[in-house]
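As written, the chains take the letters A, B, C and D, and residue 1 is the first residue of each chain.
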Amino acid sequence: MADIVNVGMNLDAFSQAINAIQALRSSVTRVFDSLKDGMKNKETLEVREKGFISEFQDNLQAVNRDVNELERLSTLVGRPSESHPLHNSGLLSLDPVQDKTPLYSQLLQAYKWSNKLQFHAGLASSLLNQQSLKRSANQMGASAKRRPKVQPSTLVLPPQYVDDVISRIGRMFPEMTIELFRPNGTSAVLLVTLGKVLKAIVVMRSLFIDRTIVRGFHEDVYSEDGKLDIWSKSNYQVFQKVTDHATTALLHYQLPQMPDVVVRSFMTWLRSYIKLFQTPCQRCGKFLQEGLPPTWRDFRTLEAFHDTCRQ
Amino acid sequence: MEAPPVTVMPVTGGAINMMEYLLQGSVLDQALESLLHRLRGLCDNMEPETFADHEMVHLLKGQQGQPFLLRARHSLSSPTDPWHLRYLGQPEVGDKSRHALVRNCVDVATSQSLPDFLNEMGFRMDHEFVAKGHIFRKGSMKVVVSKLWRVLVPGNTENTEPLSLSYLVELSVLAPAGQDNVSEDMRSFAEQLKPLVHLEKIDPKKHT
Amino acid sequence: MSRCRDGIRTVLRRALKVPWRFNRRWWVRRTCVCSVCQVPVLEGKSVQQTVDMLHRQLEQLGAMKQGSFWVDCETYHTTGTASGQPSKLLYVMHNSEAPLSCTALFEGGPCLMADGNFDVLMVKLKSHFQNAKGHKVESRGARYRYCDFLVKLGTVTMNSSARGISVEVEYCACVVPGDCWNLIKEFIQSFLGPNVPELPSVFATKAEGLFVPADAVDTMTQYLELFGKVRKQQVLQGASVR
Amino acid sequence: MREHGRGQREEKQLEAATESLISRVAHLKNALQSFIYKLEHEYERLTWPSVLDNFALLSGQLNTINKLLKNEKTPSFRNQVIIPLLLSPDRDEDLAKLTEQRVPVFSHEIVPDHLRTKPDPEVEEQEKQVNAEAARIGPDVAQKQIQTLNKLCSNLLEKLNNPREDRDSENAAMRQNKQSFNPADTNALVAAVGFGKNLSNTMQTKCRPPGPVAPGHPGQGPMMTGGPTLQQVTIGGTPSHQGAIGGPVAPQQPGQPGKMPSNIKTNIKSASASMHPYNR
């Protein structure tokens, strides 16, 4: 209450201070106006310069005077009270017409959310930095140990480097042919043909795999206008399932610091589908379940399982 | 209209009685450009289409001594295209009221195994040639301007020599039997090509 | 003199009635692995009863009925071949999966995929190739889909009498017979029981081996084999379909 | 009375002249209307001659009107004065009807436009200037300018006309001298696509059409030494492409035997194949 009274007593000072600010503003404007207009048309150059300089000095003095006045008034106004947790915005709670301007409650809500977000972000960042290789692993326990922040520079690798990495990976697997396209700008799209089994379209952002879609070997990968069709899903349930699993694998293999390792491990995993139709399930020993062959490949052992036969 | 043959079998696809109406002529090499220019103006607006085809004519000899002739054609410029198998019947040239040569015609699109298959059927290749040229269309009419090349070494379409210093010009329409009015259209179109080319109803028999 | 010496003229490259540009790959429409086999009629049952039973089995498995299918085969034999040449048989087959195409085959010899006009051509060729009407065999029946499998259960008829049952199983997702044969076998087992066919000889005898993509001709070859077996077989007693 | 009579006669003359003028103008108007209608609605079918006809009609009618005005019997309209007696801002139905709804009101606004006998002051001023300009140039200078312009025009016309002549003569020359096709070639080509004449590997009639000889066969004529000279003569002597006169054709070898070994083989085959459909 005391604050409010205090504020009320200083109201005069406030209005004076506001006036002083206005005066200061106009005098500063005058300075720039005169500078902008330049020298007036006088008889000789000397007269002109003299007139200009004296005018400029006058203006500056006026500014100086106004600043002094403002400083004097600001001491009268006094410091804003710091007793309220939300500083002066706390004064909003005094607004008697809460229903019309629910600013204060909204403000509180916003603070709460912001705090929560910061807290969760902090937790997440510490967890992620600790478990950088396996994003889906569910080990809990925050650690105070912090790693240096991941630089976003890996997003802007030169296309030449990406080409190199991809061609190196292509050479690693003879039964896999990788074609690289750049349909829009620098982002690469890979068309991976695995034996005579499947074709996978891998959309990259720099060296990060953004999206992947798997289709049958004999399905069209080009749309009617001759462009790579990166959207429509396979007509066959097997490959729809494999697409789902491949998307899971994208989330599993994560190592922001070494994106090339990620691409390589994803390709190694994808390569295990070369025997998609030939390998029976490692658990039930059968080829088919619900009409589908074992579509799941373990991320570490690359063993084949039916979707329902894995853990 | 012709009466259908007595032993008509149920045919599952295709049209039985398609007739080809044909006018032929030729143009000297030096006048080719003028002809193409005129055709571009007269014909439907389409992108200029050229072709290079290899045609093999196959014969099947029966006991009655009536050899049966089939033509197998394939594109040299796009080898993955289907082959084209064509049967042509006896031409009807005698009818003066018609302005074009008329004959029965069956076109079949086939896979690339056609030569082997014809061989197995008992057909033997009689002769072959390479035709390179241009195609134009106007409505249902088709104009083919092509140069014929003799194949010097059998089967080798690289080694050829031109047959003459002229281009063959053919104007044809494929229509169901009995639609003789198409020959009227063809005649008026042929008129527009004069005096560059005289397209006529030529009875090949006369030239043997 | 001969009919061919009269004005047979060059083939115009693409007659207008034939599509101006053929679809480049129309005869390799689907290239999935497929197996066609004959199912013996159950003891004491008619063809129709056995087929009904198989329908129930498939529906129990969860297969969805998707229309019907037919495959037919006409037989032509050469007439007037020069002396000493044995008369050859030419088969022309149609399949509802590719209703605008037909397949012409010699037994064990080359085969040709062609469009429907080939039938017209055979009419023109009747002086050299005669249609053996009594030999027309066809298989008609229902088409089922189960996941990526396509099952066609047909009654094989010749001269309107039922001669047997054909089962075609196609695994649409795979193109290499050697890859998915075991998988197909397991599937056939699940509704046909233990009498599972062996790997079709079309695949086994291919010069290029088991690992080249299958094509539509392979399916037709299998049907041809099956029809050949049926033709030789005696008419089943009391099994005619009305 | 006499005065009065003359006034009456003049009045009658004036009336008659006005009547006929009105009817002529009505004719002209109709002709214009129909022409405009044709231009707007039938321009697709309108031929140039009919456009010219229309113009001729219009100019004829204008001429008659001019004649009428210059006629001695026509009183000088110039001497008549029209004074607007009553101006009214209200709609005048009669006037509207008379003018086909073009002038519904006889008001201050439109009277100066409709009863004007002189051009606008600005236009008058411009005309004066032009006249002054014309007067300033002496008749000699004007004559010179006219001559120059005429010369330019005739030059231009000549230039426009000449190429047409050139082109025509070119066309005519082509029609007369340069044939764009050769009937013999036509026959040869038709025979070739029809049944492989001159094409086939088995049939070597080798008769050439009288037209241009295809390149690539230098070994014709004098280079022949020994061998089937008789056939050689036949080839040279046969005026047309009718090479195969009767019977299966004996092997005819236009080139040196060593040059085209593949042909020899096939020739022998063709000679024995009397069944061949193309050989009589």
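Observations on the structure shown:
Just so it is clear, contacts are C-beta pairs under 8 Å (C-beta built on N, C-alpha and C of every residue); 3 or more make two chains touch, one makes a residue touch a chain.
According to UniProt, the chain labels map to these proteins: A = Mediator complex subunit 27; B = Mediator of RNA polymerase II transcription subunit 18; C = Mediator of RNA polymerase II transcription subunit 20; D = Mediator of RNA polymerase II transcription subunit 8.
Note that this is a predicted model, so its numbers are computed, not measured.
If each chain is reduced to the average of its C-alpha atoms, the one that sits nearest the average of all protein C-alpha atoms is B.
Inter-chain contacts peak for the pair B-C, counting C-beta pairs in contact.
Among the remaining chains, the Cα-based centre furthest from that of subunit B is the centre of A. Averaging Cα coordinates per chain places subunit A and subunit D 71 Å apart. The geometric centre of subunit C is 65 Å away from that of subunit D, both derived from CA atoms. Taking each chain's centre as the average of its CA atoms, subunit B and subunit D sit 38 Å apart.
Centre-to-centre spacing of subunit A and subunit C amounts to 59 Å, using the average Cα coordinate of each chain. In subunit B, the positions touching at least two other chains are 24, 57, 59, 61, 65, 67, 69, 131, 168, 202, 204, 208. For subunit D, residues that reach two or more other chains under the stated contact definition are 190, 193-195, 277-278, 280. Residue positions of subunit C with contacts to 2 or more other chains are 2, 4-5, 7-10. Against subunit C, the residues of subunit A that register as touching in their complex are 196-197, 216-218, 235-239, 275-278, 280, 286-288, 290-293.
Across the complex, subunit B meets subunit D through its residues 24-28, 30-31, 34-35, 57, 59, 61, 65, 67, 69, 126-129, 131, 148, 150-154, 161-166, 168, 195-198, 200, 202, 204, 207-208. Within the complex formed with subunit B, the subunit C residues making contact are 2-19, 21-22, 24-27, 78-82, 85, 88, 90, 94, 99-100, 102, 104, 106, 109-121, 123-129, 131. The touching residues of subunit C, when paired with subunit A in their complex, are 30-32, 62, 146-149, 171-176, 179-180, 182-183, 186-187, 190, 211, 213. The touching residues of subunit D, when paired with subunit B in their complex, are 175, 178-183, 185-203, 209, 211-212, 214-216, 241, 244, 262, 275, 277-278, 280.
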